[in-house]
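Multiple structures are listed underneath, in structure tokens.
Here come two complexes built around chain A, the first alongside chain B, the second alongside chain C.
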Partner chain A sequence: MRTKQMLPALSTLLVCSSMMFAGTVSGKITYTGTPAKQKAIDMSKEPSCAKQHATPVLNETVVTGPNNALDNVVVYVSSGAPDDGQVPSQSITYTQKGCQYIPHVLAMHVDQEFEILNDDQTSHNIHPLPKVNIEWNKSQPPGTPPIKEKYDKAEFIPVKCNIHPWMHGWFVVLKTNHFDVSKDGGDFKLPDLPPGKYTITAWHEDYGTQTADVTITGSETKDVNFTFKAKAY
Partner chain B sequence: MGKFFAITIAIIAILSAIPIVMNYWGPPADISTHGPAIDEQMHDTMWEAGVSFLAAQLLLAFFVWQFTGRAKSDKVRNLPGGARGLVIAAFLFVGTEILALGVIGQKAWATVFFDPPGKNALTVQSQAGQFAFYFRYPGPDGKFGALHPDKIDEGNQNFFGLDPENDVDARDDIVTAELAIPINRQVNLLMHAKDVGHSFYVRELRIQQDYVPGLDLAIHFTATKTGQYEIVCTQLCGLGHYNMKAYLTVLSQEDFDKWLKDKAAQ
Partner chain C sequence: MKSLKPMRFFSAIPFTVILGLVFSTGFAVPAVAQQDVPDIGPRLPVVVKPMESHIGNISGHAAEGKSDYRRYCAGCHGDYGDANGENAVWLDPKPRDFTIATFKCRSTLTGTLPTDEDLSNTIARGLTNSNMPIWNTFTKQQRANLVAYIKIFSPRWQTEKAGTPITIPPEPAVTIESISHGKALFTKLECWKCHGPHGEGDGPSAATLTDSKDNPIRPYNFALGKNDSRFKCGSTNRDIYTIFMTGLDGTPMPSFADVIQPNDAWDLVHFLRTLQVNRKGKENEVLSAAHGAIPPYVDKTPAPAPADTKPPGGGQ
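On to the complex of A and B.
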């Protein structure tokens, strides 16, 4: 009985102590060279989507920002921090709006539940293309309740819509809770890293993968920047 | 009772034939140079079919009227000489009629499918895939880049499978989801399917042609009226078939040049 009462207290103590010495890895993702021009997407065949965009939507394979910033790069701890198996309980959503996937890249933990919403006045048929997880595709006419799904293996999964060929996105399923997706100028942040040696991996859907080793001692913030080589085509 | 049926048959036949023969529900106004020939052919066919239908139904009504109310003991009379002669005559009549329609109509068909396109024709490639049409213009160099199906990457807007990295001809190709063409200029449309069978149907152009996987097909036509028209898929091609459409925009040569320039800039 006593032990049972002690357990929560002990775990709280452990969490607090690890938080006290929690380091952070943050940085910026940039590119060198000239990336391919973002092409405009013609949605004229789907007027209900086309009218949601005042200016043509640009293809999101390579999204850049000022000062050569690169967005939609998934940065995660690929080794050094064993997965604690804690599946985040908060719900994450993947929205089909204006015939686009928002966000373009959705990163999640293995077994984490996510919801797929259709905010459009047209039907979508979401079709992720996993190789190690189970493949499915689901139709979602306007007004359909959210589709709840999860993946039980780590994988980078391209997502397409079987009705609108231009729609494209990614599910990035990771076996770690230390991940971030660079956005708004290529920034990322991996907080709550206990002291230790880590390998940080940055993944971009077109430019590939890069890694960096980093050692955290105490509650410091380490700067790690990644630079990808842009492809002209 | 038999006479009532005879009258009913006659009334239904006449009421159904009137809109067909009188062309009440005709197609929308034609916008192509070959359209009048197709419309004439269609009109002749409907007129002939309408008259034949009416004649057959009225004959049926006449027989019902004439021979109704016979006693069961009455002798059944056969056609003198048997039915064989009549069947052969009907066979020849219908066969000749259909053959004649084909011969008369082949000219309209040939202008779209068989005659080679003129030298000044604008060549546009069109690709049908689940569930959208895409069109490709050769760009300023006038040459289409080669197609590499393995390079098709729709998420990255590479619908045709071009390889601009290694293929110079492909770099200036203009790919659009809308078919814009100049008025009064012949268009040579090259057609291929990416996946399954689809169809290119524009009512106002009087053209309906299937895309057949594995076949490169070509049709040509000249539009004579500016405006926007719907291109729809009329071959059941899967889940999103109902939603597979694009727009044909017929522009003045000046507007077309501007449109092409804008698309190239995108």
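On to the complex of A and C.
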């Protein structure tokens, strides 16, 4: 019993010392093959959105960059880092603008509050389709306050707007604080990893998941790259 | 049980402590695999509450609903409540899947469980435009038992309570102004994108709609019905008000509870009734008195000056 009482003090002491060795996993997400051509979205049925885009917006199921970079891939520590239960305090937003979701993929911690905003001059309905979390469906006309929500279970949740059927996005609810979404050329970075053995998972909405094992021994930066095979259809 | 105890204590030691110990002793050994080992062995028994329902002064018990369920409901809803009954493949819309515990007809807010009374009313009322008949042959007690019985299929009923029913203020008088405001809301809230400009269920997005299980679903055609027209969750003005405010969970119909005021919802109800062109009612009488034309809505309440100006059109 006495050891048990000493544990908190001991752990605080050691957390501090272990923080000194915080490694980073970073890398790039790429694809091989030829991705299916993303269709241009016809927004003519919603002129207030259509006029916000000089050129037609492409479907965002697969977003690529130069040098075969793949964006919108969620990279997270799926095993090895115990979830400390600390919900990140920064507020995150999911914005409906030009009849698109920004960002297309919103990653968050379980129980982390996020805000849904409507920057458009049209009404949207936000309809996430969870299977393990609870389903709801809310209307958000222009000029109404943000909708504040959170999810209490880890899940990959597709989001849609039934009024504007081309609108698709994702809420990715994770049981870890170590996550990133690849963007601007497929880059991602997972900092502040104490020494240990980790499994890093990369998830793409169309290309599936990949994992890689990595060991952090000190404060080094480990390069981990993921290459997805593009689906041609 | 006894032999488990030391194991538990060990796994309770925080990861950081183990890690720290490793470091303080100077060995740069990679992290301990301890925490990667899941809790092995049979799951601890879950205490299952016997399901009940309480409607007025009637209490229903799951055990007593079983025989009626298996005789009258399982054919479509399935023995396990998973909507996989032998008739299910032939049905459109599909039977409700009780394992998800998402229900269309609720007096409670979107994302919450319905009250026992909501479920009992749904059984009694049936669901129009579906194969769910009006079960007015059941006694109230039988319905209460069935409500209790379907709760055994989803764990949500073990841990969650039903939502609080919304409060519905008394209905204001039907006026042409009310209908006119309802029309403005029907436009602004994009109701017509699915239900169509004339409420005929043929809006531009209507053909794309699917329910939460990806099955195609049709928006309601208001124009078809006559005096006896029924909506999914009732036929009175109060029922339509409730549909606006709670949404029909599991379908594309969202909740408007956070974005419109009670009076707005009533105005929407009044306008919606005028889309039921073959129906005799107050709303259509008021509309004929105005020679069938709905005047444009004039906002008489002084609007607070919006802080943000509208963004200019064009690409940004």
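One rule holds for everything that comes next: the second predicted complex is superposed on the first by the 217 of 233 C-alpha atoms of A that agree within 3 Å, B and C clash if a C-alpha of one lies under 4 Å from a C-alpha of the other, contacts with A are read in each partner's own complex, and residues count from 1 in each chain.
Note that in this section contacts are C-beta pairs under 8 Å (C-beta built on N, C-alpha and C of every residue); 3 or more make two chains touch, one makes a residue touch a chain.
None of the values given here were measured: they were computed from a predicted structure.
Do chain B and chain C fit side by side on chain A after the overlay, or clash?
Overlaying the two complexes on chain A (C-alpha atoms) leaves chain C and chain B clashing.
Can A:S26 be said to touch chain B (first), chain C (second), both, or neither?
A:S26 contacts neither chain B nor chain C.
Which of the two partners, first being chain B and second being chain C, lies in contact with A:N68: first, second, both, or neither?
So A:N68 meets neither chain B nor chain C here.
May I ask you to decide whether A:K39 touches chain B, chain C, both, or neither, giving the answer as first, second, both or neither?
It touches chain B, and chain C stays clear.
Examine A:Q210 and indicate which partner it touches, taking first as chain B and second as chain C; both and neither are also allowed.
neither
So in the superposed three-chain picture, is A:T95 touching just chain B, just chain C, both, or none of them (first/second/both/neither)?
neither
Who does A:T227 touch here: chain B (first), chain C (second), both, or neither?
neither
Determine, under the contact definition given at the top, whether A:P56 touches first (chain B), second (chain C), both, or neither.
In the superposition, A:P56 touches chain B alone.
Touching A:Q140, do we find chain B (first), chain C (second), both, or neither?
In the superposed model, A:Q140 contacts chain C only, not chain B.
Which partner does A:T122 reach: the first (chain B), the second (chain C), both, or neither?
So A:T122 meets both chain B and chain C here.
By residue count, which of the two partners contacts chain A more extensively, chain B or chain C?
Of chain B and chain C, the partner in contact with more residues of chain A is C.
If the two structures are placed on top of each other, which part of chain B overlaps chain C: 94-102, 130-138 or 256-264?
Between chain B and chain C, the clashing stretch is 130-138.
Could you pull out which residues of chain A sit against chain B in one structure and against chain C in the other?
45, 122-123, 125, 139, 162-165
Show which residues of chain C lie in contact with chain A when the two form their complex.
It is residues 9, 13-17, 19-21, 23-24, 28, 30-31, 33, 35-36, 100, 102, 110-111, 156, 188-190, 193-194, 204-205, 208-209, 212, 247, 249-256, 258-259, 306, 310, 313-316 of chain C that touch chain A.
Please name which positions on chain B make contact with chain A in the complex.
129-133, 154-157, 159, 164-165, 176-178, 239-240, 243-247, 266
Residues of chain A touching chain B in their complex?
Of all residues in chain A, those touching chain B are 39-46, 56, 59, 61, 122-123, 125, 139, 158, 160, 162-169, 206, 231-233.
Please output the residues of chain A touching chain C within their complex, sorted ascending.
4, 7, 10-11, 13-15, 17-18, 21, 45, 51-54, 79-80, 82, 121-123, 125-127, 129, 131, 134-141, 143-144, 147, 162-165, 194-197, 215, 217-218
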